[in-house]
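Heads up, there are several structures right after this.
Shared between the two complexes below is chain A, which pairs with chain B and chain C, respectively.
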Partner chain A sequence: MESMESLFPVLESKFGVNRDARDKWGLTVVVSADNLHGLVEFLKNDSATQFDMLVDIAGIDYLGYRSALSEREHEGPRFAVKYNFKSMKNPGHRMSVKVLVSEDSLSVPTISDLFEIANWQEREVWDQYGIVFKGHPDLRRLLNHVEFVGHPLRKDYPQQKRQWLSTNDFLLPALEARLETLGYRVIERSKEVEPNPDEFLEGSIKE
Partner chain B sequence: MIVLDKDGEKLNLMPLNVGPSHPATHGCLRFLAALDGETIVASVEEIGYLHRGFEKMVERGTWQQVIPYTDRLNYCSAIMNNIAFCRAVEEMYGIEIPERTKVLRVIVNELSRINDHFVCVAAASQDLGGTTAFMYCFNPREMIMCIWEKLTGARLTNSFSRIGGLYRDSYDGFEKDVLEALDATEVALKDWHACMDRNRIFLDRTVGVGKISQEKAISYGWTGPCLRATGVASDLRKDEPYYDYETYDWEVVTGTEGDVNDRLQVRMAEIEESVKIVRQALKRLSPGPVDIVDPRIRIPSHKLAYQDMEALIGRFKGVYEGIRVPEGEHYCGSEVANGELGFTIVSSGSGHPWRIKVRPPCFTQFAAFHDLVEGTQLADSMATLSSLNIIAGELDR
Partner chain C sequence: MNTEEKTGNFITTSLDFIVNWGRTNSLWPFPYGTACCAIEFMSTEVGRYDLSRIGSEYVRFTARQSDVLLVAGTITYKQAPILKRIYEQMAEPRWVIAMGACASSGGFYDCYCTVPGIDHIIPVDVYIGGCPSRPEAFFDAMFDLQNKIKDESYMKQRAERVKEQLEMIKAKTAEATANAKELAHEKVVDFRDYMAEKERKLAKKVQVWKE
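Here is the complex of A and B:
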């Protein structure tokens, strides 16, 4: 892991990253949202690092966070997005990148152009925390229902709250978008694409 | 819908909805395919039908109360998930678990892997119309399920691992039962290979179907047998060894093509390797304690609590307030049957987890589904789906 220790000064001078003291077991760097895309691109493609697999993207909400030992409240922006990387070319090498997101901006640049899987993982973070990934091609809900209101993993979302959800995700527009990216051009849409709202919610108790 | 393709030719495509509750969509998955005749031109997926809010629920319990929830992630190899979670928390504590626990966890892990791979291959054979092969795989699985019953009291969602130890030691006759199950496994492997390896119908349906390249699989974050089927020898048990996996004599299995056949064959070959590991582990199993002695991490046993005041206090505080995991943020991934199961854990140092993010292995594999099936026939999508081994419990959490 010597190379991992020598990696940090490079990242510090290039992208102005800080080491995250909260990760005592591995290397996590905190980077500003503006430098995120450049940093990830560097980590992925530079021959010395080669973190070519994006393992996971996790959202974190620090609202009401209080350290049990020092009894200190959390300082700084409310949200964080944490990216975990690993290297396939140097097995056993891992590192994490963290971006702090304030409640006012609520946005992070997308990295879905660098990693295919980031598409779904960013959709999940948006779904659960409401953090917008700027430049994401298709930012829709992923795990929660299409009619769901709110972002359930935020600490201020009540655990027992219930919502009435009645219809499936309407996938035809997404299918058309997929066809367009594959090089097809839709010239006549199915008549179901723009459904009559009354028909669409038939069977629902929604008035 | 009518579309123009790249050469300006007019095509009349039919959007077809598949799932969410179809026998071949294992669990609850749904995709919408644009069909040209029987060929899938484009496909989009929807997941979340089994979303139960795992990550919200675990935040209100104590750290030990997370363990039964992890069983419901991949319910085909439940114990493996709670071992992976316990390992992540134990890494944060920086504790070393007793030797016997390590060996027992290896045995249970590998038996779960055999179980999980058998379910996947059996279901895949069944989806292709081979009920005989399905039964071959389910016979040894039943013997392993009986071991789970004796060991934990439950068949499917059983939790055996605890932070800093195990629920309890193995029962009398455990070794004998395991050896019998391994023998049955080897018989089943032989039968399955005899039935399928040169089976014309099976090969026609699986060879060259649902192919993916190495680069693409890595970009999609694939891990486990699906990635190894493309020829990448990546296995956390070798790359980042834990529980002394590096000291056992076994090989990482890889494929060459990355198609459906390779994914199933890699799983079958991995069962052979797991049998090898379990046989070696049984020889290492020596008597000893299974729990660490620290009431702040592993609550003292009932027996002690009835005799000793400190143990009683430790038990009371451990159950009511929960253990206190050191403050910080940590990611830890373990090799489970489907690939890398990772936990991003945020602890505020209190008795309740602040945030636990699960990295389910089949999430990344299902995200690539449209890439695998576009250009193949509709029936091939079913073969592809079952070879990925999508478990809705961990996909949707």
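Here is the complex of A and C:
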């Protein structure tokens, strides 16, 4: 833990980070969105830190948030994105990086070029909170269905508002494209069959 | 002497009885397992509880060969169309068991993503409570389902279905006749117009010639 304490001044001088006082036992640094990519690259590659595992990316919505200790309203930007890192080379070393996101900009630079897993985790955060990751190769919904409107983990999303999906995903074209990039040859393109109830009587076999 | 000749190898019964007897004792489930209820179903299936005692040991992972759709677990809105399509692919007669709190009512997932009970999508025959349900409860549901099947009448259902199909065929025929009639009427009108046009032209020609 000693090296973790000595790490903070280095980060402060290099990237201008602040320490999150709410995290009493670990190290959480708050960094601006511009310096995020450089900071993560430094944490991953620098020989002293070597945080080579991205555990999780979490979105936070501070709307209506009240600290349990101070009983005051939350001040500052509404959203935040928190990255949890762990080092496999220096066992026991963990730290978090937090980026505050205002409601106007709603964007954070992607780190999916540094960590492969960040691709899906950023997709999840975008899906649930609507925070855009600039430079992400494929920012689609991950958990919710394609016809979903809104971002359900925001505090102002009505908790019990349910949204029906009309049809199931037709995933074969995506699969074929992926096979083609791997060098396979697609002999026959699959077409989606849309059942038409007018075309055949119930119980009969359609030709 | 052969024993078959002595006793005679035929039985007499009613069709409903024999059909229901066959259906009751070989209910092949399709396990649509999405959560912990599916684990309970596994323990129902094997050794200690042994679902094959009531003839349901064949778990079919295709909708075409199964009789009972066993929905065991939470169904989300993203999954709902898939479940519906699987139900539609099953051949009749088909039954549905909603196993556990989640499939019956959404359980404690009172949120944006969970369907509050699969009866919003497909008709359900038997509901089982529990989170997850005990294998005993599952057996109870199977016995309930068997009793329900014993009350069904194959001949009545068949008569209803034939009646429905007949009505549908009649409606289609009526529609087709109406279409044909309309088409024929249009053709007659067209022909009349054509003749009138020709007559007019002829009259014009005659006039020209006269002049």
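One rule holds for everything that comes next: the second predicted complex is superposed on the first by the 166 of 207 C-alpha atoms of A that agree within 3 Å, B and C clash if a C-alpha of one lies under 4 Å from a C-alpha of the other, contacts with A are read in each partner's own complex, and residues count from 1 in each chain.
Just so it is clear, a residue touches a chain if its C-beta (ideal position, glycine included) is under 8 Å from a C-beta of that chain, and two chains touch if they have at least 3 such contacts.
Since we're looking at a predicted model, the values are computed, not measured.
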Of chain B and chain C, the partner touching more residues of chain A is B
- Message: Is A:Met88 touching anything from chain B or chain C once the two structures are fitted on A? First, second, both or neither.
- Response: first
Report for A:Ser166: first if it touches chain B alone, second if chain C alone, otherwise both or neither. second
Original post:
What is the contact status of A:Asp61 with respect to chain B (first) and chain C (second): first, second, both, or neither?
Top reply: first
Shared chain A footprint, chain B vs chain C, residue numbers 143-145, 152, 157, 159, 168
Note: in the complex, chain A contacts chain B through residues 20, 22-26, 28, 52-56, 58-61, 65-69, 82, 84, 86, 88, 91-92, 94, 96, 115-117, 119-120, 128, 141-145, 152-153, 157, 159, 168-169, 171-172, 174-176, 178-179, 182-190, 193
Per the touch rule above, chain C residues touching chain A in the complex are 77-78, 80-82, 85, 88, 92, 110-113, 115-116, 161, 164-165, 168-169
Chain A residues touching chain C in their complex are 143-145, 152, 157, 159-168, 195, 201-203
Contacts from chain B onto chain A in the complex sit at residues 1-6, 10-11, 13, 15, 17, 20, 30, 32, 34, 41-44, 46-48, 51, 53, 55-57, 60, 91-92, 216, 218-221, 232, 234, 238-240, 324, 326-331, 333, 340, 342, 344, 346, 348-350, 354-355, 357, 359, 363-364, 367-368, 370, 374, 396-397
